[in-house]
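A short worksheet on the structure shown next.
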Amino acid sequence: MDWLPAAASTYAADLDRIFYVILAITGVIFVGVEATLLYFLIKYRGREGRKATYIAGSNKAEVIWTVTPAIIIVGLAVASQGVWSKVKNPDRFPTDALELRIEARQFAWGITYPGADGQLGTEDDFQRFNELHVPVDKPVVFELTSVDVVHSFFVPELRIKQDAVPGLNLKAWFQATQVGEYEIACAELCGVGHTVMRARMFVHPRDEFQRWVTEQSEGS
Amino acid sequence: MAIAATVGEHHDEQSFIRRYIFSTDHKIIGIQFLFTSLVFLLVGGVMALLIRWQLAYPGQAVPGGDPVSPKFYNSLVTMHGTVMVFFAVMPLLVGVYSNYLIPLKLGAPDMAFPRLNMLSFWIFVSAGIVAMASLWVEGGAAGAGWTAYPPLSGAPRYSGVSLGQQMWIISVLLFGASSLLGSVNYITTVINMRAPGMTLFRMPLSIWSLFITAILALLAVPVLAAAVIMLLFDQTLGTTFFLPADGGQPLLWQHLFWFFGHPEVYILILPAMGIVSDIIANGSRKPVFGYHSMVYAIITIAFLGWIVWGHHMFQSGMNPLLGTTFMISTMAIAIPSAIKVFNWLGTIWRGNIRFHTPMLFAVGFVALFTVGGLSGIFMASSSVDIFIHDTYFIVAHIHYVLFGGSLMAAFAAIYFWFPKMFGKMMNEKWGAIHFLLTFISYNLAFFPMHLLGMGGHMRRIADPTMYEFLQPLQPLNRFITISVFLLFVAQLPFVVNLFWSLFRGKKAPLNPWDDNGLEWTVPSPAPHGNFAVTPTVYRGPYEFSNPLVEEDYWPQNAPPNGREGKAATIGAES
Amino acid sequence: MSQSTNEAVVMTGGVSAEPGMRVYNQKLGMWVFLASEVMFFTGLIGAYIILRFGTDAWALPGIPLEEGGTPLAIQLTALNTFLLICSSVTMVKAFAAIEHGDQKGLRLFLVLTVLLGATFVGVQVFEYIQLAHEGFLPRCAEELAAVVPNCNLFGSTFYTMTGFHGTHVSIGVLCLIWVTVKAFRGAYSRENHGGVEVVGLYWHFVDLVWIILFTIVYLI
C-alpha cells in the first residue's frame, strides 16, 4: 500500500521527494544506530574477569559526529527551502490563476466563485458550501479566512495545508493535475464539529468546469 | 537555611504530619512528587484509553458506559495532554529528581530554601486538584487542546466550555507558581551549595541537566503565565487580546504559547537525558564518553530551544521568510541531540555491561529517543510539514520523545534510586518483564502512527470513518488501540513491584549499583540532613573501571590515594 | 537566616561549600526570581507592542482627547514616577545606613520608602478611578470608544500591564513594612542585614519596570 496519498497537484511530487529523501537518510541512520546499539549490547555484555576499557572520550569522534550531521542538516534545509518558497511565498504565486475566496466557519467551508465574468468581487459571484469546484491543470489562488475560530484547509492528495485565521486574509495556491473527487478536511481543532468539517472537492476537465460555472451563475 | 546538625536535633521531635506531610526535607518532597505524579500518569493513561477506544470504535459505547461524545472527546485530548505534560512527566522528572538528587548528589544537607520547597509541592497539588475538578463543572473541562488556541479557547460561544477553560487556566497558573519556586531552589542550590571539590565539571550529567532545565523553566513559564492571564481576561473581562474584533490577534497567542512551549519540551527531555547518562555509565562500568561535549550539548540544546518555536506555526500564515529562519534553527537543534546519542553509544562501547533494570530502561530510552529525534527531522522541513502538520505523524513524534524518551528515563530513574529512597530493592525479574512488555507494546502502539500521519490522518478528530480517504487506515487505528491497551496492562507488573517492594522488598545495601555518586555513601534510605559530615570531592562522577583502583568504580569522595582499592568512604560504613 | 554579602553558605563540620557565586543564598535566590519576573513582564509588554503596532491608529500623547489623543494623565503619572524613583533612592540610603551599622538611618529611610511606595500605589488607584469615570476600561464606554482609536485594546493592555505592576508594587510595600517593623525591633546589624538587601533588590526591580512601562505606555 502506498502510505502517502496519490499525488494530485503540481507541487505534490516535489514535496514527496523531500519526504523520501529525509526518509532515506533517517532510515539509514536509524538502522545504523539501532544495529550498533544492539551489537554493542551483545558484544560488551558483562562477563566474569572482564573489565571495561577506561576511555573518557575522543575529540576526533566529537568533531566527526558534529560536522557530519551538520552537513546533512544544511543539505536538507536547502532542499526544503525551494518547495517552501514555491508553495508559500505570495510573490511567487502563479499569475493567470482562477481566484477564489474560502471562508471557514464552525463547521463548514464557504467558497465564493467569481462567476462567469471570471472576476471576484463582482455581481455574478456566487457562494457554495462544502463544494469546491476547480478546473484541472490551471492554477487556483484563493484567499482564506475564518469567521470564527482558527481552522485549517487541508487536501491530502494536493499536499496543501493552510490555517484559516479570523481577522487575517491569507493566500494560498495549488494546481490540480488529476480529474476526480477529493475530500477537504479541517486540520486544526475548531470545536465540537471539528471531525465533521468535511467538504468535497471536484477537479473538472476545463470545459466541464466552464459549463458548471455558467450553470451556477445562471442559477444564482 | 538548613544546617544538618540543627535540623537533625529537631527532627525526632516532629510529628508525623511535620515529617511526612508538611515536610521541608527535599527527599520527602521528592517522594511526595513521585506518588502524586504516578497517580496523574494513571489518570492521563485512562484518558488515552478512552481516546483510543473512540478512534477504533467510533460512536460505540465504552464498556460499562456511554459513547464518547464529540465534546467530551475534545476534553479528553485536551486534558490528556495537559495532565501528562504538567502533572505527570514534568513533576516525575523535575519534581521528583531535582528535589531528591540535587542536594544528595552535590553533598548538601538540603535545598537552599526548604520551606519554599514544601510550598512548591502543595501548590502543585492544588493545581492538580483544580484541573481534575474541571472535569465535573458545567460545560465540561477545557476542550481546545493543551495548546488552547483562541478564539476557540477565548470565548465560550465557540467551544461550549466556560468554567472548565477558566479552571484550566487557574491550574496552569498554580502549576507555574510551583514550578517557579522549584526553579529558584534548584538553581540557587546548584550554584551555592556544592560540597568542597564538587566543581561544576565534576557534577554528574543528571545534575547538569536538571540545573539547565531549571533555568529554562524559570524563564519560559512566566511567558506562559502572561499568555494565560490575557486569555483569562478575554474570557471574563471582555478584553480582546486574542479575539480579532477590536484589534486582537489569534496568532499572538500562538507566538506566546510556543515561545514557552518549545523550551517546555526541552524541559521534559533534558532531565531524561541527564539521568540516562548517569545510568548508562553505571551499567557499562565506563565513564560517560565525551562528558564535556555532553555538557555543552545540553547547554546548546537549551539555548537553541529558545529560537525554534515558530516550527509549530509553519502553516499558521506567518511570513514564509520567518518560516525559513525557524526551519534553519530547528534543523540545527538536531545536531546536539545527535551528539548525545553518539556519546551514549560511545559509553556502551567497550563496556562491561550489567543489565540491571535501570540499564534496560536507559538503553530503551536511547533506542526510542533516536526514533523520536529522527522523526522530528521530517517536521523540521517546513515543506514536508505542510503535509504532516496536525497529523498523526506529529503525534508519533511527540510520543516517541515523551514516552519513549522521558517516561522510559523516568522508569529507569525510579528503579535506580528506589533503594536509596526507600531502603528496599525492587524485584529485578519483574523489572525486566515490565521493560520487555512495555518496550514491545509501546512500539506496536506508536510506530504505526507514523503511517497514519503519512496517510493524512488528522489530529484531534473524533471519528476518522467520516472520511473516505481514512477508511483504509481504520484497521491500523484498531491495531494501535489494542496495543495501547496492552501497554496500559504492561504497567501492572511495575505498580505491583513498586508497592510490594515498599513493604516486602529485600533490604537495600548502601550502594547496590556500585555507583560513584555521593548519594550512595549515605544509608538507605537516606537520613534527614543527608551527610553526617560534609563530604569532600576528589574526582568526577564517572570513574568506572579506572586502572588506578581495583574495583570497577571509584566514588567521588573516596580519598585521592588510588591503587589501594576502595579506600574507606566518608560515612560509608555508618 | 541572613548573611553578610560576601560569605558563602556554611555547612556542617566548619567546611565551607565550593565557592558558588560568592553571594549568599537569599540574594542569589532573589536575583534568580527577578529573572523570571523579567520574563513575565516581557510577555505582557511584548504582547502590548505587537498588538499596538498591529493597529493602524493609537491614542497618542500630546493630542487632545476629543481628537483621539491619550486619555491617560501624563503629568500626574510623571510626578508619580518621580516619587517611585525617590523611593529607590531612599531604599539605597537605608541599605547604606545599615551597612555602616546606622540603625536610625535604616529606620528613617525604610519608613520614607514605605511612605513613597504607598503613595505611588495610592496615586495609581486614584488615576484608575478617574479613568474609569471617563469610561476608559478594558471595554471602553461607547462615547469614549467613539473618540479614542482602538480604545478597547488600549484599555485591555493598559490595565493588564499597569495592574500587574501595581500588584507587584503593593506586594513590595507589604514586604517593606515587614522589614521596617523588623528594623524597629533591632533585627538588623552591620553583619546581618540580608533581608534589607533582598527587599531592596526587589524594590529596585519594580521601579525599573515602571520606568519602562511609563515610557512606552504613557510617553510614546
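To keep things simple, chains are lettered A, B and C as they appear, and every chain counts its residues starting from 1.
Operating definition for what follows: contacts are C-beta pairs under 8 Å (C-beta built on N, C-alpha and C of every residue); 3 or more make two chains touch, one makes a residue touch a chain.
These numbers were taken from a predicted model, which means no experiment stands behind them.
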- Query: Whose Cα centre is nearest the centre of all Cα atoms in view?
  - Reply: B
- Farthest chain from chain A, comparing Cα centres? C
- Message: Using mean CA coordinates as chain centres, what's the gap between chain B and chain C in Å?
- Response: 35
- Note on the structure: Whole-angstrom distance, CA centroid of chain A to CA centroid of chain B, is 31
- Message: Just the number, please: Cα centre separation of chain A and chain C in whole Å.
- Response: 48
- Task: Name the residues of chain B that each touch 2 or more other chains.
- Result: 248-249
- Item | chain C residues counted as touching two or more neighbouring chains | none
- Hey, which residues of chain B end up touching chain C in the complex? 1, 3-5, 108-109, 112-113, 180, 183-185, 187-188, 191-199, 218-227, 229-230, 233, 237-241, 246-249, 252, 255-256, 531, 533-534, 536
- List of chain C residues in touch with chain B within their complex: 1, 8-13, 15-18, 20-21, 23-25, 28-29, 32-33, 35-37, 39-44, 46-47, 50-51, 54-55, 138-139, 150, 152-153, 155-157, 160, 164
- chain A partner contacts - residues on chain B that touch it in the complex: 70-71, 74, 77, 143-145, 149-152, 158-160, 244, 248-251, 284-287, 289-293, 315-317, 320, 323-324, 327-328, 331-332, 334-335, 338-339, 341-343, 345-346, 348-355, 363, 366-367, 370-371, 374-375, 377-378, 380-384, 386-387, 389-391, 451, 454-456, 458-464, 466-469, 472, 544-547, 552
- chain B-touching residues of chain A, taken from the complex the two chains share: 1, 3-5, 14-15, 18-19, 22-23, 25-26, 29-30, 33-34, 36-37, 40-41, 44-47, 50-58, 61-62, 65-66, 69-70, 73-74, 76-77, 79-85, 87-89, 106, 148-150, 152, 154, 156-157, 159-163, 165-168, 170, 182-183, 185-196, 198
